[in-house]
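Okay, so chain A shows up in both of these, paired with chain B first and chain C after.
Moving on to the complex of A and B:
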């Protein structure tokens, strides 16, 4: 309404007043954004140009040294590759599980509503609870996984997934997939229900069997959902910190060290606040690029309008 | 026009509310200033938990804060329990903003570090009021530097050797191991049927670091020499590193999953009899008693086995009060610290928190010494060490501590296939680098 008035008004003084009114209403939001987003970002960038150590007050500006050091830091590249690996496998697992469950839940069966609710529980579970639950499941002395596997002679000796550098990835991936699949499932379920039923009737009349109907009607209808979910999963998993931190803290022997965990360790364990801020800026740039891809896709396809 | 008037009125009301809110904050300050004049003040106390049983600990602080407030009707204590996950980050935020609580509670080295950096107030006058430094056990030297006390000792603790009496008896042992050699030979015999001879953290974390430091001390190793030069790469430390890593890698008497243990995991495996002996903080005895009441009688505690240096050696932890440099009510805060340092309160604190008293008069109290865990910790503390305060506060060594750098050396040998010699050389170089880095600040 204000915009309409603004456009239709012929009096400049009136336009000025309306603009002022709009700006005043936006002021609280702007203020919040400046304090909780802009200021920390600028401050972080400022620190990234210093040799500041946490708990040490004195520091000096060292130009781009931290950023240059990043390129020759093997741990930076190692943790970056680990983050990409984790993101790929977690996104793939989440997508497959979420999609399969969405297809199942799209069919009519007894207690369907109950399962729709129950399967969503992992999404609302706090990370701490999830981590403790999986740590208990994996435990080699009293964990349920080892109990079942040794009971049925599938393994001779109990194995703690999180204690073995070769297996720790699997130990970390399982809870991440378990936490993230409900969102994917929900998006796919909504997308499945929005596919026009008449398309299936037409496919049936044309002689398509169920598999062909799925391939030629269902899957094309889900493509926008696939793209959105993949991009969101990449953003969330790449920056995720909590579950890996709670489960392994990047160990054993750095085998599950991701970029966000490496930043934490540099800032709060090695106390290299300046260097950690530079690493944070790199992580921000990577995620900014992916987020721009997401917005570009949404704008181009008009996904939400559909 | 009327609508516009209402909008302007609402906006004006919103901003007026904001301004009044802000004014309210400063009004609160003014009210507090007034109350100071009326001799009623509130002191802020920021405390990360130092006990092992949070329920008992909460009840203890509530009880004695209430008693203090009753004795001092002009002083209120606002007690905040902090999380160990972010307490130091939170305090750093306080220091940066200048808006700090009055009292903090931290280990001695931390208090001294803050003092040296001008972030904590000297408390030598409180030490004098409590009877001078001679009333404290020798562990308390961590709380001062160059004769200036920046923290008031309140508790001391150390890792000791806990053991299952029933498992040792079943294996034909009447006593727990007293030397490194006995530890190896007994642990080998005790490792059978899914039970491991020795439980100890081997992952890259604080607890592994503490155990490693204890072994270094027992071997007679040091980090710095008398002149302050880094001497990590020495035969004694190498022997300690080899001894610790061989227990897991060569003798295989430590559960492989100890690489992944978190706080409390050792309590569970000892309580359920999955390990026969375990290196753990003695105070865990209080937790074992409440978690495994039926098996607790089978659990004993002794000092760590004696190493090549002739003494057992152990890491030590300590806790005490310090005053933030921007404390608004330092005088009243000191009164509270003196109150909490009273003998009867200190004694009760030991019982419920799983720590040993830093006061000589209580440290070897016969009633407290009846508790096996207390006796072991009390005896262990005599040989305890915390690398870093042996030499006073050395900028840079604190970085190695927060990095769990010593535990990474253990990981280098156990998981990264480095030789102990290579791993120790790397630690040595990192020590030099950390100290150099801190010097540049």
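Moving on to the complex of A and C:
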């Protein structure tokens, strides 16, 4: 009887026996996620209402004082604007580069897999190594970057890119784009390959040239990929920490201080754990909003199954 | 005529790709060749890309440092534990999500994806406190635990999309033969999912190997440092010696690249399927 049911249903049926099994299968993952994510999240929110210090165990609840202090904290607004600026330029650069590479790769040729693999490498590079390589490139005495620029007379004097408050932005932006473009490239490549080939034939029959086909067939087909990539890039870059911290530590003169670096500094340098948690809550709210946008977009276009 | 324009089109494409690949991989090329230069060639105002004398001197010095092999071993242990626990836990969860019916499945799938996008910086403060309260500060266990929070969501997600491509008949046949769910997972599903399993293993290994923020905040003593923090320590000790530092970078990157090359195809597939599902 049970066998019959199994045969007839497309998926195994649910009954109380299976329910026990489900629990057994999901429990380890659940425990782990609750223990290392859900509980810390709640704890973080809890701390944001206290005046807790990093090095002192006694603390008391102070209501919304941290959040009120945040609104009148110039550094909060300053680092928030910095984060937005960085996210904008990083997303723009990553999208452009990733898209260009995807278009170039979207044709059958001999070395295609080689190029795709080679171009993907920056994505798997450890952030520590990326930071070190770029610092070496930027080095003002022996680095390649300055050597090239002075050799071709693009600049007269070597610049210390990461030590100049006006230029440090560019110095941070380059490696961020460098390690983010591969993901964008892959998503666009997958999206390009999923465009129905018959649409191009139809466009050709209708007398469209290559540029028109690109404009009227390729681009519209890529819109979902565009939106998804933009939102994911915003989420990832906005809260990114490693590269900026390793390259400039927010300096020089706080010129590259982003919100996540400000949180880190408040917690581990100023030791104001309560206030840092309140800043974290603000960051979370912003990202939550963006993530909800992502989900609503995905639901509307039916990008995910079921 | 048509094939002719096609040829030029292809040629231009290839040349463009070659230039871009060269430029984009340039930082790594410089690092690799710097590590192979003798000190005198590293510190020069007119650097050449290729070393005049190839030498492994930097690597010899690196491995003669007492702390460096220690860093490597620490990273290796942390990464292995992370990878093994990840695959065990995530394959169970992914199996339940694909082949068992229960209420709340959609919510769980969504929650998993939500956690996958969760930024590290938000978790570092409370996790630091938790580890402090549990007396786990400065232990490798703390690192493995925290890395699970980032590897698990992705691993479940990736395995789930792979399991969905396995024909249902296979699982049903095993069930009819009297397999329990657990036997079915280990004897039928996992053996046919070797590519996805490898990709997940590699992903979580590499994550543990290269993670910086948590390793930096949770580890205090030099004996427990992982390679990412070790590299930072080397910068502090040997500030100007970029020959040594690039050599250390290459050593740190090598296993990542090696792994990546072996599972490239499945890894890329899984990544794309994970974010753009058609």
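Just so it is clear, the second predicted complex is superposed on the first by the 274 of 306 C-alpha atoms of A that agree within 3 Å, B and C clash if a C-alpha of one lies under 4 Å from a C-alpha of the other, contacts with A are read in each partner's own complex, and residues count from 1 in each chain.
Definition applied: a contact is a pair of C-beta atoms (placed from the backbone, for glycine too) under 8 Å apart; a residue touches a chain by one contact, two chains touch by 3 or more.
All of these numbers come straight from a predicted model, not from anything done at the bench.
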Partners on chain A (chain B, chain C) - clash or fit: clash
Which of chain B and chain C A:220 touches, first, second, both or neither: neither
Chain B versus chain C as contact partner of A:53, first or second or both or neither: first
Partner chain in contact with A:162 - chain B first, chain C second, else both or neither: first
First, second, both or neither for A:107, with chain B first and chain C second: second
Partner, of chain C and chain B, that touches more residues belonging to chain A: C
Partner chain(s) touched by A:269 [first = chain B, second = chain C, both, neither]: first
First, second, both or neither for A:141, with chain B first and chain C second: both
Touching partner for A:20 - first (chain B), second (chain C), both, neither: neither
Partner chain(s) touched by A:249 [first = chain B, second = chain C, both, neither]: first
First, second, both or neither for A:121, with chain B first and chain C second: second
Residues of chain A at both interfaces, chain B in one complex, chain C in the other: 21, 24-25, 28, 139, 141-142, 268
Contacting residues of chain A [partner chain B, same complex]: 21, 24-25, 28, 51, 53-59, 135, 139-142, 160, 162-165, 248-249, 251-253, 265, 268-271
Touch list for chain A against partner chain C, complex: 3, 6-7, 10-14, 18-19, 21-22, 24-26, 28-30, 32-33, 35-37, 39-41, 43-44, 47, 100-101, 104-105, 107, 109, 111, 115-122, 124-130, 132-134, 136-137, 139, 141-144, 147, 178, 181, 183, 186-187, 189-191, 194, 224-225, 228, 232, 235-236, 238-242, 245-246, 260, 263-264, 267-268, 273, 276-277, 280, 283-284, 287, 291, 295, 303-306
Parts of chain B lying in touch with chain A, wherever the complex brings them together: 4, 7, 11, 14, 88-89, 92, 113, 117, 203-205, 255-260, 262, 268-269, 272, 274, 395, 398-399, 402-404, 411, 415-416, 437-438, 440-441
Chain A-facing residues of chain C, complex: 10, 13-14, 16-17, 20-21, 24-28, 30-31, 34, 42-47, 49, 88-90, 92-93, 95-97, 99-102, 106, 108, 110, 112, 114-115, 117-127, 129-130, 145-146, 148-149, 152-153, 156, 168, 172, 175-176, 181, 206, 209-210, 212-213, 217, 228, 231-232, 235, 242, 245-246, 249, 252-253, 256-257, 260-261, 264, 268, 271-272, 275-278
